[in-house]
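Following are the structures in question.
Common to both upcoming complexes is chain A, partnered first by chain B, then by chain C.
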Partner chain A sequence: MAQIDEEKKKRKFKSAGKMRDIMFEYYVEAKSAGDNGKKVAWITSGGPVEPLIVMDVIPVYPENYGAMIGASHMGGDLCEKAEAMGYSSDLCSYARADIACAPVNGGPIGGLPRPDMLVCCNNICGTVLKWYEVQARYFNVPLFIFDTPFCHTGFSDEARTYVRRQLNEYIAFLEGACGRKFDFDRSIEVGRLSLQGQRLWQEVLDAAAHKPSPITAFDAFFFLALIVTLRGTQTVVDFYAELLHEMKEKVAAGISAVPRERYRLLWDNLPVWYRLKWLSDKFASHDACLVADTYTTAWCGSMKYIDENDFLSSMAEAYTRIYLNIGVDEMAKTVFEMIDKYDVDGLVMHSNRSCKPYSLGQYDIQRMVQERKGIPCMMIESHMVDERSFSESQISTRIDAFMEIIKQHKGHV
Partner chain B sequence: MRTAGIDIGSITTKAAIVEDGRILGTMVCFSGYNASLAGTTVYRNLLDDLGFDASSIDRIISTGYGRNNVDFADKSMTEIICHGAGAHFLNPDIRTVIDIGGQDSKALVVDADGRVRDFVMNDKCAAGTGRFLEVMARALEVDLDDFGSLSLRSATPAKISSICTVFAESEVISLISKGEDRENIIAGIHDSVASRVFAMAQRVGIPVPVMMTGGVAKNIGVVKALEKKIGATLEVNEFAQVNGAIGAAVLAAKMG
Partner chain C sequence: MESLREFHEVAQNPYRYAAELKDRGRKILGYFCSYTPEEIIYAAGLHPMRLFGSKEHIHLADKHLQSYSCSLVRSAMADVMAGSLAFLDGTVFPHTCDSIQRLSDIWRLNTNLGFFADVVLPVKLNTESAREYMIAVLARFKGELEEHFSLKITDGNLRSAIVRYNEIRGCLTSIYELHAKDPSVISGSDLYAVVRASMIMDRDDLAVKLAAVLHELKQKQGTGRNSGKRLMLVGNICDHPDIYTLIERSGAAVVWDDLCSGTRYFEGKIDPDTEPMTALANRYFTRPVCPAKHVSPFARGEHLLGQVREHRVDGVIFFQLKFCDPHSFDYPYLKEFLDRAGIPNMMLEAEDQLPPEGQLLTRFETFVAML
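So, the complex of A and B:
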C-alpha cells in the first residue's frame, strides 16, 4: 500500500500547487480590481489579450470560469437556470452557465468580477457574439468585437489588412475605456513574453512525445489555465519554465503519467470538465495514456505566424488562423501531424454538443484519419459543462470496445 | 475446448456453449431486475439442458451491459467485439454487422480475421431499438412477434416522423384514431427504425455482406425495411439473438 502511495506521489506534479496559488491570486486581484483602481475586461478565450495586458487591464475569461463550473459539477444546475431564463438547451454550455451566473453571482468563487468592458473575438465561434452582446446589455458596459474572417486554407492580404485595421480600432477602444494612451514600447515587451509563454507551453506539451509520457492530456487541461488567462506576463513564462523542468526530471527518472503506459491516444475537442477523473481512470485502467490533444495546443498552434519583431502586426494573422477558424482539411492536417509527432495508437473524439465549430467536421476528420493513418477512432457524445448529457454506461462501453479494438489492432488480444 | 458466453442485455440474457467450432447449445431468458441472477440462471439452465457439469466448461466470457455482474466469468468483453466474433464465426465472409438489441443499436465493420475495425452506436436516444418496438406494440395492442408478418401486408406504410420514442407513440395513437390500418402503421414504425439505423450505420460505410443480429433481427419487417435502405440482402440466421453470447464463447476459446 505504502509503495502504491509512493508511486502515486511520484507521478503527481509539484507545480500543480503553485499553479493553484497563481490562479487564486489572479482571481483575488481580479475580484478586488475596483478597490485598486484597476479595470476588468471579460474576453473570449481566443481573443487578443496582449493589448489588455499593455493597458494594465485585468483580463477575465468566462470560458475559463466555465471550465471551473464544469469541474465543480455546477454546470447542470446553471444550464437549467439559463433554460428557465429562456435560453435553448442547444446553446453552448459555457454560454448558458455564464449567462445564468451573472444575475446571481453563481458558480465557484461567487461569480466573476464585474466587467468594465467586454472584448469578443469570433475566431473561436459565432456564439460568443450574441453571448457577449447579452452580457454587454446586462452589465451596461462597452463591447469591442474583433472580427476574424474564417480561413479555409490560406490567409489573404485583404484579410490581413481587415484584421490589422481592427487592431487599431481595438487600441483606440482601450484608450477610450481606460482614459490613457497605449504604450507601444510596452507592447513589444508584452508580445515577447506572450511568445515566450507560448513556446514554453508548446515545449511542455511536446514532452508527451517521450515514451512513456510524463504528462497526460488531463494534466494539460489543468495546466492550460495560465496560457489562457495570463499570457503576455512574466508569471506564465516563469511557471512554464518550472513545469518544463519538472517534466524533464520526470523523463530522466523514467516516471510516466500512466503507470503502465501501453497505448497512446490523441484527444480531440474540449475536455468533459466534470468527468476528467472518471475518463482519466477509465483510460488508465486499459493502460492507455491520452498523451496529447488538439485543444490545449490551440494556445500555441499559430505561433508560427508571429513575427517576434513585429508582434502587434503579425498577431492579426496568428489570431485569425487558430485551430477553430480554419477549414476541415487544415484541421485534419494538424491532427495527422500530431498523430505522427506523439506516435499514437488511436484517436478519441469528443463530439461536443456545446461547441459546434469544433465538432462539425469530426466525422470527416475521423474518416481521413482512418484512411490515411489506419488507426482506430472513437466518438464520445457529450457536453463540456452540462453534465446532464453524459451517459456513463454507454460511454463506458464505447471506451471498452475501442480499447479492445486497439488491442486487437496491435495483436495484443 | 469447451467454452461459454453469457450476454446480459437490457431486456434479455443469453448464454451459448461452443466446443471446437461447434455450437452445442444456446438459451435466452429475461434479464429482469437482477442482471447477475439472470446470468447465473440462464447459464445453469443451459448446462442442465445439455446435461453438462459446470466443471466441464474451460472458460467463460461475459458481455453486454451486465458484463461486469457475472462473477463466475473469466473475463468480460464488450458486446461490440463479441458480435463481431460471433458473426465471423457463423460466416467468415461477413464484413458488416448490424445489431439491434433492447436498448441499443450498433453497426460494426469486421475484417477477414473477425476483428472489429470500426463501430458506431446509438447514444442519447433509444428510438430505433427493441424497446422502441415494444412501446409501439403496446400502443397498438399487437403481439410483438406478429409485428413482422403484419407489416409485410402493408401496401402504403404510414409516415412516422418523430425521432423520439415517446412522441412517436403519440403519433401512432393519433394515426390509430384517424383510422389508419394497423399494418400500415406497423410498416411505418419499421421504416422509422430502419431509417435511424441506416443513417447511423452509413458512418462506418456498410461493406457487404451484411449480417443482422440481436433480438430485432427476428422481426422480418425491420429486416426488409433495412434491406431496402441498404440496397443489399441481410443475412439473418437462427442465432441472431444469441450471436453476442456465441461470439463471447468463441473469444473465450481464443483466450491465451
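So, the complex of A and C:
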C-alpha cells in the first residue's frame, strides 16, 4: 500500500499546487480590481489579449470560468437556470452557464468581476458573438468585436488588411475605454512574453512524445488555464519553465503519467470537464494514456505566423489562423501530424454538442484518419459543462469495446 | 388566383423547375443564406437558386453531420448525397453561422459540382473597415466566377442586375405591404409560395410575373375583409406553408415577418448610381440584420418593435429550426423586448417536420384567443 502511494505521489505534479495559487491570486486581483482602480475586460479564450495587458486592464475569461463551473459540477444547475431564462438547451454550455451566473453571481468563486468592457474575437465560433451581445446588453458596457474572417482554404490579402486595421481600432477602443495612450514600447515586451509563454507551453505538451508519457491530456487540460488567462505575462513564462523542468525530471526518472502505459491515444475537442477524473481512470484501467489533444495545442498552434520583431502587426494574422478558424481538411492535417508526433494507437473524439464549429466535420476527420493512418477511432457525445447530458454506462461500455479493438489492432489479444 | 399557380408549382418542386432550366442550357448555382450576393451571379448570366433542402432521405446526412445540426444543413447535405442536386453547376457558401461554416467544408470535401466558393463576409456590419473588406470580398467572388466560367462581368452587367433586383425586391415589398394592409387580398400560403419561388425562378421571368401579381392584387384592393388578429413571424427559415393556413384557420393572419426566407431576403434597395460593388455592400449594411451578423447589441430588438408598430401587429410567433444557435441566442432578449412592450408572443421550434396539425392548431387557437 505504502509503495502504491509512493508511486502515485511520483506521478503527481508538484507544480499543480503552485498553479492553483497563481489562479487564486489572479481571481482575487480581478475581483478586487475596482478597489484598486483597475479596469476589467471580459475576453474570449482565443482573443488578442496582449493589448489589454499593455493597458494594465485585467483580462477575465468567461470560458475559463465555464471550465471551472464544469469541473465543480455546477454546470447542470446553471444550464438549467439559463433554460429558465429562455436559452435553448442546445446552446454552448459555457455560454449558458456564464449567462446564468451573471445575474446571481453564481459559480465556484461567486461570480466573475463585473466587466468595464467586453472584447469578443470570433476566431473560435459565432457563439461568442451572440454571447457577448447578451452580456453587452446585461452589463451595458462597450463591446469590441475583433472579426477574424474564417480561413476555409487560406488567408486572403483582404482578410489580412481587415484584421490589421481592426488592431488599430482595438487600440483606439482601449485608449478610449481607459483614457490613456497605448504604450507601444511596452507592447514589444508583452509580445515577447506572450510568444515565450506559447513556446514553453508547446514544449510542455511536446514532452508527451516521450514513451512512456510523463503527462496526460487531462493534466494538459488542467495546466492550460495559465496560457489562456495570463498569456503575455512573466508569470506564465516562469511557471511553464518550472513545469517543463519537472517534466524533464520525470522523463529522466522514467516516471509515466499512467502506471503501465501500453496504449497511447489522442483526444479531440474540448474536455468533458465534469468527468475528467472518471475518464482518466477509465482509460488508465486499460493501460491507456491519452497523451495529447487538439484543444490545448490550439493556444500555440499559430506561432508560426508571428513575427518576433513585429509582434503587434503579425498577431492579427496569427489570431485569425488558429486551429478552430480553419477548414476541416486543415484541422485533419493537424490531427495527422499529432498522430505521428505522439505515435498514438487510437483517436478519441468528443462529439461536443456544445461546440458546433469544433464538432461538425469530426465524422469526416474520423474517416480520413482511418483511411490514412489506419488507427481506430471512437466518439463520445456530451456537452462539455452540462453534466446532465452524460450517459456514463453507455460511454463506459463503448470505451471498453474501443479498447478491445485497439488491443486487437496491436495484436495483444 | 390563377396567376399564382406557377409560383406554387415552383415552390413545391424547385428541383424539377431547376432541371427544366438546365435542359434549356442554363447554368445554375445553388446558394445558402440571404447574404449571398445573388446580383453578381445574375450579372454573370448564371442562375442563382436558393437551397432549402427537400427533407427527403435526410438520414443520408448522418454520415457527415451530427444529429445536433439544424435540419436545413442536414437536409441540404442529404440532397447532395442522394444526387438530387445534380443539376447544379456549383455552390456558393456565404459565411453565416457555425453550422453553415462547417457544412461548407464538408460539402467542398465530399461533392464535386463544379464551381465552389466561400464568400467570407465580415461579421460586423457597422465599421468602415468591415465595409471595405466586404467590397473586397465581393470583388474576389466576382473574379472567381469570371475565372471558372471564363467570362467577364462588366459594370454594365452589374448595373442591369441591380436594376433587375431592385425591381424584384420592390415588387415583393409592395405585395407584402398590400397584404399587411388587407390580409384578405392574398392568402398566407399564396404569399409564401410567391416569396419562396422568387428565390428559385428565372429572375427575368420572375420580374414580369411578379409585376402581374402586384397589378392584379392592386385591382383587388378594398374588396377583401379581414378583421382577424395580426401576427408577425420571426425566426430563421419557415419551410412550412401549412403554418400560414393553420394560423388563418385559427382566426389570424401573418401580416409581416422577420425571416431569412421572408423580408430579410428582399428588404433594402441598392443604389443604382453608386459603384456597383460598393452599392451591394451598402445594402448589406443597411438591411435588417440576421442574428449571425452584428450591427449593435440591440439592433434586432429595435427593428422588431419598429415592425410591430408599423404593421399594427397584435402578436408575434417565434418560429425557428431546432439547433439554430444565432436565433436561439436572440430569442430571450427579443421576447423580453416584446413582453415589455406588451406584445404577446409564443415560440414554435421545428425540426424537419412540424408537430401534428391538430396540436399546432390548438396552440395557435389558444394564442390567438389571448390577443
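Following the convention adopted for this analysis, the second predicted complex is superposed on the first by the 413 of 413 C-alpha atoms of A that agree within 3 Å, B and C clash if a C-alpha of one lies under 4 Å from a C-alpha of the other, contacts with A are read in each partner's own complex, and residues count from 1 in each chain.
Operating definition for what follows: a residue touches a chain if its C-beta (ideal position, glycine included) is under 8 Å from a C-beta of that chain, and two chains touch if they have at least 3 such contacts.
Remember, it's a predicted structure, so these values are computed and weren't measured experimentally.
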Touch count on chain A, higher of chain B and chain C: C
Partner chain in contact with A:P259 - chain B first, chain C second, else both or neither: neither
Which of chain B and chain C A:L129 touches, first, second, both or neither: second
First (chain B), second (chain C), both or neither touched by A:G361: second
First, second, both or neither for A:Y162, with chain B first and chain C second: second
Which superposed partner A:T153 touches (first chain B, second chain C, both, neither): second
First, second, both or neither for A:G106, with chain B first and chain C second: neither
First, second, both or neither for A:E404, with chain B first and chain C second: first
Footprint overlap on chain A, where chain B in one structure and chain C in the other make contact: 363, 381
Touching residues on chain A, where the partner in the complex is chain B: 363, 370, 376-377, 379, 381, 389, 391, 393-395, 397-398, 400-401, 404-405, 408-409
Interfacial residue positions of chain A with respect to chain C in the complex: 85-88, 90-92, 95, 122, 125-127, 129-131, 133-134, 136-137, 143, 145, 147, 149-150, 152-153, 156, 158-159, 161-162, 165-166, 169, 327-329, 351, 353, 356-357, 359-364, 381
Chain B to chain A touching residues, read off their complex: 65, 77-81, 104, 115-121, 123-124, 203
Sites on chain C touched by chain A in the complex: 63-66, 68-69, 95-99, 101-106, 108-110, 118, 120, 122-124, 127, 129-130, 132-133, 136-137, 140, 291-292, 294, 297-298, 322-323, 325-326, 328-333, 335, 349
